[in-house]
């Protein structure tokens, strides 16, 4: 059974194999080490000339990738820990993501920045954050995040094939996860639908009409799924899950479709939405989701589950209390229905 | 563009273009701001007369002079008209009015208004040219003040490690906005490059022939595949940093006017040549600005965030 | 009649005069120039030792300010254009704002970063943005923004007196604005209430029961006010305005109070909320406001007015079409009621 | 702490502390990660024996050794117990379990896990100490790999311009994680500082007495008010970058073990002294770890974002 890590790793190999314009760069990515999380393992052995280990220079890594992209290459840059995306903010916001529009569509900037995000490993306040929220909504930038659903490798290949800059957010805990199949294991009771072509979304429909929709992405789906199972088993509450792989630009059509189903016709009950993410609550992904849903759907009831607005502590009990847990999702769902 | 007349003509084009711009600003025809190249013309004219038309350029906020000299080099010819249109925010501008003074793009020429941040991008471009084996080098322009930005040093390190065809041109006009170099640059300018293993070509001059010779050496080094280099030109900016507000004392402004690159180079031309250059440039600019002025403004289509 | 610029400038003078721990640092802030927007004019002449002009090094400016603050000084740093806050993201997020919590409250970090934001002056894509949204919700950081209401100088002094890091967002167009007085000029028909002590909010109550609440901050209030007047004059629609000076952490109590008033009892009509900001729409300030309101207020109708999710063009007609205008507020209000 | 025994004791304390940590990790008692100082002990021991207890320290991810040596200098005494508690995530840890291995704070000692970003902060601290006229200097620790970060150069410039009492200690252990300096550092290490006008004290040594002498000179320079300086120590890291996964060949690991600072300095002590040091350190650590282990975990109060 293959893992998310394997899927991403072989996607990078495929990209290097099939397109000579693809370059991979980042800190400590050479074999035998193969990168801090091993996503780049084996690449430098196979393609020594196109796999470039870099100094510890996050801004220059992304800036260089932008320059490469402007001049016809297709770079994939790795930021060792997603916490360091703060260092690339200028290169992303004021350079890479702006060029195409600012230069009147004269240029395209096909680059991918991969960043492992997330906590739950006791890495402490500067190596555990989910900072993708800072980049959601940046004009000209796409933000994608694989989950264990579908094909994370295909998603990465689609990101590389894209002509615009992409921030590709990988939750660290996802790497060792096996790829999930609908109808198998604890997903047996759910029907899996997907759509969205290049950057697919997934809808997990429960066996009975849902009382609420849970919207999430990435590793959070593991928690959402555990919560949905508990809600079903313990409380006979059915939740439909919508799992996005395109975080930004926001396209919430599948969510709105799902919300339409959570209103039992004639019952007068409100549409119920729960968003789940690991970043801090305030102005996280869920804020935009909730805001758009509130604008579009009348009679909406909504709650967001996210990390507390605090740094992430090193000590396990603190980290656990700060980051959202499946139990928090269950509790929020119960408060909503 | 190797003869004296051509060099003079480019410098004069820059000078008159910028003067015209300042005039347009003061009559309210232009909005935003501008950073003129007046006083530094020898740099761009000299450098681009030593570069190849296929070289790649990343310029900064003070990009008009670089662009006009680059354009003069181009087989498609200089294009003050589209630059003027850009500065007026017209749909026919270099980037359709979206970028304005600091953010232009044309052929292999790019500029952006973030100090220092352009250098990593130029470094990546140099990597691309090297990998594609185009034989092109990348020239990136910074000012003395931009030595303050950390992104520069990250890039020098990368460029040196990877032996990239990158020439960093440092135009030291002795001020960053209003801050004299003494308050902003510790140690030594050339040392900043040497520390990363970049050879440095450095000269205090406003003579376009000296610039051309020096730039030629630096460019030849970079083009040979020997890795990145720096070209440091100590020069003077005659006008205010941007539109107005120049805190420098009048004596200083008078003193630096001695080093006018146009005057220095004019001594090599005949009065007839000088008149011809003036007439040619004046006709070119009159045409450029009047066409640009009558061009339409852009409209925002149904743009979406992609 | 004094302006916002004068108020901020004299607040800095007052701070330097009254507290020897206060230092001011930034690019080009020395006299006679006195800073790109003149907010620091006169300071270096009066306090040459404590007004430090810096190289062009935004990250180091803010990092140095953090170090000064950790060791007992109270620095006020200026970022010349707010567009460059991307360069300070790491110093703010992973250093200054984290220290207090991460170091278990052993330390405090009393620093202020002032940043002029905003467009409408034809400065183009890298000198016109409203990027404060990237910093809203950062744990440990306060984000404040003066408007022409109340006393911007007092707000800046409160920021300097605060023991935690503050990002102080000044819209460029605000500088030349005269300070506003309730009951005067075009505010004559509104009652001005305020609260919130150190970082006050302002509520402008219309003469008749409001049909909607407009929430905003900073310079946007100028647009909101023009729109509210037009709604009143041309459409007989009364809007209550809630103007925040504390953007983050979010404390929306006055907004919820206002929303309670926009429900006409017994009418069955929904609470109506309109948020107004100049930054791009997606995950702007209004997203969090809308999300919190949607969570807290049942039967909410909400719209957000913000910039289009695009870079800001240089050409005036494009810039005008990208940034929100008073007419957009009027149109959104009409679509809401 | 100037005698040979004291120096040895500090180095041994660091060595045994780190060995204990690695053991605790491999038995699963600790979570997260750690970067041990084993092999580099002479640096911290030598430097802090030359510093003053009131000096300010900003350390990096590899901070345990710095902290223990700093603690030994402090009038309040060394505190391996509270460091151990921090690493176990206990409420009694240096920062209550919030920071963990890379993020500690005690008296004038601070550390953070962002490469390079600590240097601007240390620069501001140096400004504060100078302005407050405390006579303290600030020591900031970086590794060879951290020479890649732009924030470093911005800080060197500021510190030099403002003549701040800042000592940048560069511990070149020849690797950044797995990247050898040859792949990450172009040009010259000392040149990176000299370019900004910082005088450099540099030595290839694992002898604590040499480090102390050299550090003493650099510290005296900085404390004299002459401005910032750099101290470059070429050293060796014996263990993996963090917990495991060391791609260096066994021959190399064997070779660098020759430069063991403990062995080198042990030659200056009597067998009895060596035994005494071992006994003392072992008792201290046994106590530290067992107390820490029985301490409670922190609980999250009603914390809000302030």
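By written order: A, B, C and D. Residues from 1 in each chain.
The definition used in the following text is that contacts are C-beta pairs under 8 Å (C-beta built on N, C-alpha and C of every residue); 3 or more make two chains touch, one makes a residue touch a chain.
Everything numeric here is computed off the predicted structure, so don't read it as measured data.
When chain centres are set by their Cα atoms, the one at the greatest distance from chain A is B.
Each chain gets one centre point, the mean of its Cα atoms, and the points for chain C and chain D are 41 Å apart.
Spacing of chain A relative to chain D, judged by their CA centroids, is 36 angstrom. In whole angstrom, the spacing between the mean C-alpha positions of chain B and chain D is 45. Within chain D, residues 96, 98-99, 103, 112, 114, 117, 147-151, 154, 157, 161, 183-185, 303-305 each touch two or more of the remaining chains. For chain A, residues that reach two or more other chains under the stated contact definition are 54-55, 57, 59-60, 83-84, 87, 90, 94, 101-102, 125-126, 137, 139-140, 249, 280, 282, 309-311, 313. Chain contact topology: the protein chains form a complete graph, every chain touching every other one.
Within the complex, the chain A residues that touch chain C are 83-84, 86-87, 89-90, 92-94, 98, 101-102, 125-126, 131, 133-134, 136-137, 139-140, 248-250, 270, 280-284, 286-288, 290-291, 293-295, 298-304, 309-311, 313. By the touch criterion stated above, chain B contacts chain C in their complex at residues 31-33, 86, 89-90, 93, 96-103, 112-117, 145-150, 176-179, 183-185, 245, 247, 297-300, 303-305.
Chain C makes touch with chain D in their complex at residues 23, 52, 54-55, 57, 59-73, 75, 90-91, 94-95, 99-104, 106-107, 137, 139-140, 142, 164, 249. On the chain D side of its complex with chain C, the touching residues are 56, 58, 94-96, 98-99, 103-106, 110, 112, 114, 117-129, 131-132, 138, 150-151, 154-155, 157-158, 161-162, 303-306.
Across the interface of their complex, chain D is touched by residues 27-28, 30, 32-33, 36, 53-57, 59-60, 83-84, 87, 121-127, 280, 282, 308-311, 313-318, 321-322 of chain A.
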